[in-house]
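By letter and in written order, the chains are A, B, C and D; residue numbering begins at 1 in each of them.
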Amino acid sequence: MKGLYNYFREIVVGFWSIILGYSVTLNQLVKPIITVQYPRVKLEMDPAYRGHIELTKMLDEGHFCVACGTCVRACPSDVIKVQGIKSEAGSGKTGILFLIDYSRCSLCGICVDVCPVDALRFSMEYELAHYSRWDSVIDLHARFKEQKVRG
Amino acid sequence: MDSSSVSKELVDKLAPIEVREGDYDRTGVHLDLALEPEKIRQAAELLLEAGCFLENLTAVDHVSHREMVYHFNEYSQPFRIVIRANLGPEDEIESIQDLCPAADWQERECFEMLGVKFTGHSDLRRLLLPEDADFFPLRKDFVNPPEAQAPEYHQETDDH
Amino acid sequence: MTINITSQELERRISGGLTEQTFWLNMGPQHPATHGVLRVLLHLDGERVVEAEPVIGYIHRGHERMGETRPYAQFYPNTSRMDYIGAMTYNHGYCAAVEKMASIEVPARAEYIRVISSELNRIGSHLLWLGAYLMDLGAFTPFLYIWDDREAINDILNKVTGSRLTYSYNRFGGVHMDVDDEFMAGCRAFIKRMRKRLKTYDRLITGNIIFQKRAKDVGLISPEQARQFGLSGPCLRASGVEYDIRKKEPYSVYSEFDFDIPVGRQGDTYDRYLVRIAEMEQSLRIIEQALGKMPDGAYINDKVPRDLAPDPGEIYFTFESPRGEVGIFIVSDGTRIPYRMHWKTPSYTNLSILAETVRGVLVADVVAIMGSFDLVIPEIDR
Amino acid sequence: MSPPPTDPNFFVNFWNQASYYIGPELWVSLVGLLAIIGFVTINALALIYGELKIAGHIQRRPAMMEVGWHGFLQPVMDAVKLLVKELTTPTGANRFLFIIAPGVVFLPVLVAFIVIPFSETLVVRDINLGLLLIFSFSALNVVGILIAGWASHNKYSLIGAMRSVSQNVAYEIPILLSAMAVVMMTNSLNLNEIIRAQDKVWFIIYQPLAAIIFLIASTAETNRTPFDIPEADGELVAGFHTEFSGMRFALFFLAEYSNMFIVAALFAVLFLGGWRGPVLPGLIWFLLKVYLVVFVVIVARWTFPRTRFDQLMTFSWKILIPFALFNLVFTGLIIKLVG
């Protein structure tokens, strides 16, 4: 008798759960869409977003990098290559080459943390697909100049 | 059985080489026992019977010898007991796989990474590494093979 | 116990035809249900499993070796890559372990921020599990609903961490960036939204007759078995063992919050589902309390040296990731590079019980059971 | 060897003679066949579009939007893509069976369309055994699936095929039993007759239980989620059609969506009064009803998890068939008492 009761109970409860399921999906069916069509519509990146690194700008449109190499040593994945020359003033160096290999970067941000002169910051770049490995090597100085031209 | 009484029994029965009260706030261990490798199995048996579970099993390569480290813990009242044993030159120790299935895969991993041979293990094949691997990558004398080195940074490795 | 034959023999059997009563089926490493590169060899009699053997190691990257060749801070990004779904909890745990080792003070505010972000991450991980599990069972739609909620979590975390998956947000001695009122308001709004959504999931999934039939009494794990195999996390708690590192060995500031450890009754996949759903509710509770109690002050300890070199000694630190208990075993020899680093990850031990659990069940149940363990393959292979 | 026909009127005569023997039915059949092939294709494209759009909106996303207005031409582009794809045959497969399998699955579907009354007059052959013809030919479908799974030389395919066979055997019975209740009320297997019998009340009012059983069982018969265990993408990769590519795969697809249309059409005929309805012409009413049923089936796919194989069998043998039998007996009793 109990078995028979359970048999019918299961049918009724199961049927009701099916109706409930329908109610959820049909309810969602008439609600507005929440996705965006990516290449056509692009979302605003959050200011905190951490893309690959780039050089920060000084007031007089120069960069801060002194090619001390702290970031090179701190980087877990050997992403950074830096070269500098003795600056004309006589004291210290100025960076002339700053290469990053983005494909190996894990975006940990240690380089930004350790930089003694705050020469680095995170960029807002996120579309970084490329065809060759060489394309992932970015010359930050060239990028810096380009940005200056664009203003 | 309470874990403190187990620890007493352990100390009484096995006569450890060294007993240390662990500094829990710094090392996360309540009791630290150094044993002879032959007594490890007996100790594990005692602990498992008392309701402990095997938390972790690994080895440390001290270049001159390998040291086995077992962490046991308890569900009701955390009491972490670490038992350790210095292995001889053959790197052999008795398996505890049949006592505790949790040790099965951990022993296999320990074997392939550090070359510790677990005698009595029913299926001591390599687990994470390729089956034909003939090296022990977590030993201190292991050198990365040249093909495992990352490609030189500024080299142009254009694929097309 | 396990199938004690060589791989060549296995390959021969897999490629063999259907000439015998039983046959070998190769599930994975590319298979819709294995979520990554896990391979399970199934020895089938019709649709019943006679034996099963998981084959792992396809993406073994040697994190332990990496940990032994680079300084503590440089290994830190790796922790996100072990369990990319619960990356924040791994970041948190690793930082807490190293801080404990090197006796670094962490400001209270930083600890609260860490707890909030870890719990948000835990909810995100459980949500992703929910979607993937339902997809294993053949329901595709919940998978996209959970992305909606996960997106809300990611947006909140993105505002402070600047990243959406591998956060690298914690630093030794604190966190990378302070949180603002916008973050707090976002969290509060999320709690409200999530509680409503959990009700929707309840209507859509929990009571559904097909789901119940699929999940109940499948993949039973007794508490004794769970102990033998060293299970942890929701898989252990579903078997009725009340064991949660956050409660039993509280790290960070977890001891200051009031929350329950949800446990299951009989340890089937349905219990694992219920435990995870209940855990999401508990995580919401923790976040709510942490938001209320959030102290002012510094968010990072400035006095942490750049090159950490803890005193010689060793540590075994455990923390609760969304999948269970993670153990970090670090041996220091006093230099800036760890002498030995070992990670005991929960998915690794949880997977080891699979062969035992799936014996005698149907192929469809193998998928359901495997899904209910919440396996993250990079965490298994490390 | 006889010389070739020199009579310039040979072909005309031949045609006249053939028409004499076969009658104007030949014209109807030929035109009907072409119309059916056209309709099957368009129906499948429309259903694919509808299904993807409904799925998308259930999941709060717009689904395809790129080709044509709101992605309207996407199914066409997919069809073109499938047409130009390479036809692969796996090593070790039984080539002959592998090649004919999609045809065996697809052709019975075409036959079933012959007797479906789209409106009172719009039916290719209005035969007396229409219902029986549809049932018998849709049962052939499973032979094709078994051949496909067997010939693929793939264990996943074979498991899928085996599941499909046992599923079809189990679910034919409740379908027939529930349809039989309607047939008992109308005393006819002619679909148009059945519709005519519903001039006052639709049979869904008289036979709600049979309607529900028929809907569930026919969903299972067409291998749709939650009963799609022969395909079961989470377990069996893609089940019996794992190894099929290009047009062969497209034929399985066409068959699936056409089958969906057929069972929905049967449901509309048996329980919703077919082409009956006020104001609008019969064809519109018929299609409206059919696509309403299809909509219910599609939403089910995007709502529920998949049932397990043994539970599916249990469900049929322990719940559907007893209830259908009970319904049949009950109907007979009422007819005897009232009529």
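One rule holds in what follows: a contact is a pair of C-beta atoms (placed from the backbone, for glycine too) under 8 Å apart; a residue touches a chain by one contact, two chains touch by 3 or more.
What you see is a predicted model; the values in this text were computed from it and never measured.
K.L.:
Within the chain touch network, how many edges lie on the shortest path between subunit B and subunit D?
P.N.:
Between subunit B and subunit D, the shortest chain-hopping route counts 2.
K.L.:
Per-chain Cα mean versus the mean over all protein Cα atoms: which chain has them closest together?
P.N.:
If we average C-alpha coordinates per chain, C lands closest to the whole-structure average.
K.L.:
Would you mind pulling out the distance in Å between where the CA atoms of subunit A average out and where those of subunit D do?
P.N.:
Each chain's C-alpha centroid was found; their separation is 50 Å.
K.L.:
Compute the distance, rounded to whole Å, between the mean C-alpha positions of subunit C and subunit D.
P.N.:
45
K.L.:
Taking each chain's centre as its mean C-alpha position, how far apart are subunit B and subunit C in Å?
P.N.:
Those two chain centres are 23 Å apart.
K.L.:
Considering subunit A alone, which of its residues make contact with at least two other chains?
P.N.:
18, 21, 24-25, 28, 34
K.L.:
Mark out which residues of subunit D touch at least two other chains, giving numbers and ranges.
P.N.:
Those would be 58-61, 302-304.
K.L.:
Which subunit B residues reach two or more other chains?
P.N.:
Residues of subunit B never touch two or more of the other chains.
K.L.:
Considering the complex alone, what residue numbers of subunit A touch subunit D?
P.N.:
Answer in residue numbers: 11, 18, 21-22, 24-26, 28-35, 37.
K.L.:
State the interface residues of subunit B toward subunit C in the complex, per the touch definition above.
P.N.:
25-29, 51, 53-56, 58, 60-61, 69, 71, 75, 77-78, 80, 82, 100-102, 104-106, 113, 122-123, 126-131, 137-138
K.L.:
Which residues of subunit D touch subunit C in their complex?
P.N.:
55, 58-61, 155-156, 158-159, 225-226, 228-229, 232-237, 302-311
K.L.:
Show which residues of subunit C lie in contact with subunit D when the two form their complex.
P.N.:
18, 23, 25, 31-33, 47, 134-141, 144-145, 148, 204, 208, 210-211, 213-214, 362-367
K.L.:
Can you check the complex and tell me which residues of subunit C touch subunit B?
P.N.:
Residue positions touching the partner: 1-2, 4, 6-7, 56-57, 60, 62, 64-65, 68, 100-101, 103, 227-230, 241-243, 248-249, 313-318, 325, 327, 329, 331, 339-340, 342, 344, 348-349, 352-353, 356, 381-382.
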